[in-house]
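Below you'll find a set of structures to go through.
In the two complexes below, chain A is the common chain; its partner is chain B in one and chain C in the other.
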Partner chain A sequence: MMPPEESLAAPVLRTTGLHRRYLLPRRALFGPRDSVHAVNGVDIAIPERGSLGIVGESGCGKSTLARLAMGLEPPSEGRVEIRGQDLAQASGPALKLLRRAFQMVFQDPYGSLNPRHTVGRIVAEPIDALEKPADRRQRVEEVLRAVGMRPADLDKYPHEFSGGQRQRIAIARALVTRPALIVLDEPVSALDVSVQAQVLNLLRDLQEQYGLAYMLISHDLAVVDYVCRQVAVMYLGRIVEEGPASLLFERPAHPYTQALRQAVPSAAVANRRRRRARLPGGVPSQTRLPPGCAFADRCPIAEARCRVEVPRLREIGPGQRAACHLA
Partner chain B sequence: MTLLAVEDLTVSLPTRRGWARAVRDLSFALDRGQTLGLVGESGCGKSMTALALMGLQPEGARVAGRIALDGEDLLTLDEADLCRIRGNRMAMIFQEPMTALNPLQPIGRQVSEPLRLHRRVGRAEAEREAVRLLDRVGLPNAAQRAHAHPHMLSGGQRQRAMIAMALACGPDLLIADEPTTALDVTIQGQILDLVIELVDERGMALILITHDLGVIAETVDRVIVMYGGAGVEEASSEALFDYRAHPYSQGLFAALPQIGLARGARLEPIPGTVPDLADLPDACTFVDRCPIAAGACRAAPPPPLAVARGHRARCIRLEEARNRSIR
Partner chain C sequence: MSIAADDGPGMVARAFRHRSFAIGAVLTGLVIAAALVSLFWTPYSAIELAVPRKLRPPSAEHPFGTDHFGRDILSMIMVGARNSIVVGVVAVAIGCSIGTALGLLAAARRGWVEELVMRFSDFTFAFPAILSAIMITALLGPGTINSILAIGIFNVPVFARLARGAASTIWARDFILAARAAGKGQARITVEHVLPNILSIVIVQATIAFALAILAEAGLSYLGLGTQPPLPSWGRMLNDAQTFMYDAPYLAVFPGLAIAVAVLGLNLLGDGLRDLIDPRLARKR
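And now, the complex of A and B:
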């Protein structure tokens, strides 16, 4: 996951052996409690100015991974490091300082902005919580301009803006602490195509301009391909394939990535008779994980070995790694 | 004889600022076995068109024009007559099966309901037919699953159950409103394949409503692109994906991220935002965002002009649009 030239400095985000389980209620009074394995041993590293896209279907653990990376909930096992500092060890004032370095943008531009606060207050919120600087107003105006809004919008309320503009406000709020990393959880999936393109271009420009690193969670492969250099594909809480976006989408090695890539209907050329190999079934339960490869039941090429032995991520090409015995 | 002929369909909704025309002068015709896509962004009128066809427009809405099913104008029928046709000769599937299905009834019962209602089939016979239908739409263990309640099924399975319900009386026309938008991409493929198979097998006509150009490309023969309630361009899918004549269609495609878009290539967003229907001028609905709009575009709604055989666009500046260099 780390390009060699950038591997010397500590990555802005690194997770090691990350697990997250949720306990379910007991089914019987003295019965055992089942647990949902949302994230199941994930190692990622995002260098400064790097961009990693996390793709996968619902229930693959991508949003849980984002929440763990943001320290919004603790991992069951493993660690999250921001610029080399263990998030679990940092507490109080140290965590506050570290907080500046990483910010988040959520999917829902309607639910993530307080409707009773002005745009100015919303955008200033992270710095108000962290430092209360003297140049507060200039900084808010600067980031509003950076996302293509006017300083005059400062005194307005969220309902006065469209979905795309609200997402710009959420991005401005993330930018205001001058972070090194922004975690974006489905940042454009609530937006219409014509507006989505505005926000995607903005994300690209801001990365360049501010030297940001991104972790972008999306179910949309094309969105990830547009914004991110690196991609990790998740299935049932594990990374099944990772590598540079160009390679991974052109020559997917894992059968799941191949199926995902194939399933995306292409708008390049119309062809109603284009039939494709479809994956059978749906994503299996996260409560009882199968013993071998989690994908084996839906995999078109699974062998006996796949049902007993968990495949490890291994190098299969330059910078490309897949967790498949047969890749 | 044409199965469905829609002429100058206009749907107006009451708002505090007066009547908002959600659908404006929409005309099209459809034969048995033909598939038509309505594509556009939120608020373009595509779903309202579907509801009006089914006679399910919101209370207080005004519907004008003509909707002829086998020559019979549905707009002249009373509710009792419409009930005879709905679910029988024309059926609809919705985006979110969880809200469209009754949570308190087993799905077998719900699938058999149209048969009991429209065909006066006895309960036992109708439920046997429901199992056959559920089996046909690919629900595993249909005989047992017929007793399941909707919450016990996955999203994809619920959508299959809703399709079975729509098929029960062998409708001539199936209307599918964003049938796969709530589903994961691998499941979306399975459902689209099923819909197409059924359309081919039964010789139904299909109207598919979606915001997803990829889904259009792989599912339907003809397309109407809608904007601000108007059908701005109509063509065969092949022709449209080959050449877009209307500046909005051009902009929509240029704004769409696609996997493998040349590195460094930039999306071209449409400036501004999707407008409020009540704010649209009584002229070309796209005029405020159109890069090549001229004075005449504001004077009157543009008539449909021929681009090629079977390809029309409502734009009076087709020559200028042709000379734009746009992806």
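And now, the complex of A and C:
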């Protein structure tokens, strides 16, 4: 889906018609149960060595999408395929084999490392659970070196390291199974700005070196632009626009992408003042999605049609697709 | 689990620089030493009656005095320490192992398993512990083993709640997600990730529960439902002392002190342990 022509090899990750609803507790004893529609029909595909950035404001379902892609929770509808294999169908040894192909890096490097385990044990966790290789120690030392840590750090505990170093350890853990895909959920947003650049550079180098595919989730357009070739913009559980990063940020077609672009803080005060008037209203409730385009209420150019008919993703330029009637 | 694995060399030296741990260890050590020595030596027999020597105040011959049957109080306290420790250790072991296992299960499985465990805890908590212990011992008959069972049963929900609460917060952490992404199952995550992270809390609770168990046993014995004569127990010594409160107050003072030393020592030890087995605090000390 992402590349214009479908390549012969199956993409590392493909989701089709992915939905995820969360049931809410009943408000009355026998009342109906509402549900939050966190992911609402998402189709993405990431080819081998590809990189897809997913941007959107908080609550748009991007982290849920990451967890669905990782098989950490089951989709309500739709399917997730890793290298052409349905994740929901795999179990036992086949699932273990499949799991080596995709790993994850979490947002908060303080919460994602067990404080009671040594660095060596943390980094080795995926191979201990999935492969039990004979060259365990070499593998761990190799990935530690690859992320810029020393093998001497093996016996230390996470609390002895800074946030940036901890995130490097988390990246080493994701690398140790030699995966084809790493899902990065806001990998630098918990880090100092000065450290962010180092980690982003590391991610770029590693992609080159190991031939990785990335699915990078971020609210920061600059981060996505720096690491990813392809970008998808999410709004209320749907992808509203996708395309090559360069194109999408230069000529955004969807009014929401345009608003996101202009929301990037810049030093020019004049710019900031104009942005304020840009997006009125708030994100609609996810329990009762409005009919038609979910963005219509905040959209500066919405027409009557937008409030009735859900826009589908359609090709609006070479490689660029948008879900907007007016794009 | 390995507490020692968290701590590098110098653990012992560091431990004794921690004041409450050191004081707690000394007090607890005193009680344990008294119990151990009583296994093969006591100044006098703690059981045989010697009425001619009855109600002697503390002296060089009888440092803590003698009771109304002429038995040496020091000897009785030493044997009583053994009794208290056995009751405490076994009761806490029952409560801690079953309770922690239930709590871990509840946190891992959620859903109806969690509901069941928690409602069972609520049910047990709804009865005042000491009254229920009285009921159990009255039902099963008084004696050391039944009082251990009664105290142990009442420790189960305490540990179940504690373990479930602590384990639930661990389950919400990202490193659990990372372990799941690595393909680990609930049982393995519980053993490798959850248990080591709640262990310090459980150990602290165990030392405090140990202290409470000693108190509870004293209470049950005081009521005549715990350890039966002629074996001495701290609680029954207090009960006997009541009659002679005005004539021989030292009869109440020394068993009371023994209980206080054991309870205080274990509480301090628990506090100290909590600090010491946390690797983040360990380096700073």
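Everything that follows uses one rule, which is that the second predicted complex is superposed on the first by the 312 of 327 C-alpha atoms of A that agree within 3 Å, B and C clash if a C-alpha of one lies under 4 Å from a C-alpha of the other, contacts with A are read in each partner's own complex, and residues count from 1 in each chain.
Following the convention adopted for this analysis, contacts are C-beta pairs under 8 Å (C-beta built on N, C-alpha and C of every residue); 3 or more make two chains touch, one makes a residue touch a chain.
Bear in mind that the values here come from a model prediction, so they are computed numbers and not experimental data.
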### Query
Looking at the overlay, what does A:263 touch: chain B (first), chain C (second), both, or neither?
first
### Partner chain in contact with A:70 - chain B first, chain C second, else both or neither
second
### Message
Looking at A:82, would you say it contacts chain B, chain C, both, or neither? Reply first, second, both or neither.
### Response
neither
### Task
Tell me which of chain B and chain C touches more residues of chain A.
B
### Query
Does chain B (first) or chain C (second) touch A:225, or do both, or does neither?
first
### Task
Classify the contacts of A:112 with the two partner chains as first (chain B alone), second (chain C alone), both, or neither.
second
## Note on the structure
Residue overlap on chain A between the chain B interface and the chain C interface none
## Note on the structure
In the complex, chain A touches chain B at residues 57-58, 162, 164-165, 192-198, 200-201, 204, 219-223, 225-226, 246, 249-250, 259-272, 274-276, 278-279, 282-283
### Footprint of chain A on chain B - complex, ascending
35, 41-42, 154, 156-157, 184-190, 192-193, 196, 211-221, 236-238, 240-242, 251-261, 263, 266-270, 273-274, 289
#### Entry: chain C contact footprint on chain A (complex, rising order)
67, 70-72, 95-96, 99, 103-104, 106-108, 111-117, 122, 125-126, 128-130, 157, 159-160, 170, 173
### Task
Please give the residue numbers of chain C that touch chain A in the complex, ascending.
6, 173-175, 177-184, 188, 193, 196-197, 279-280, 283
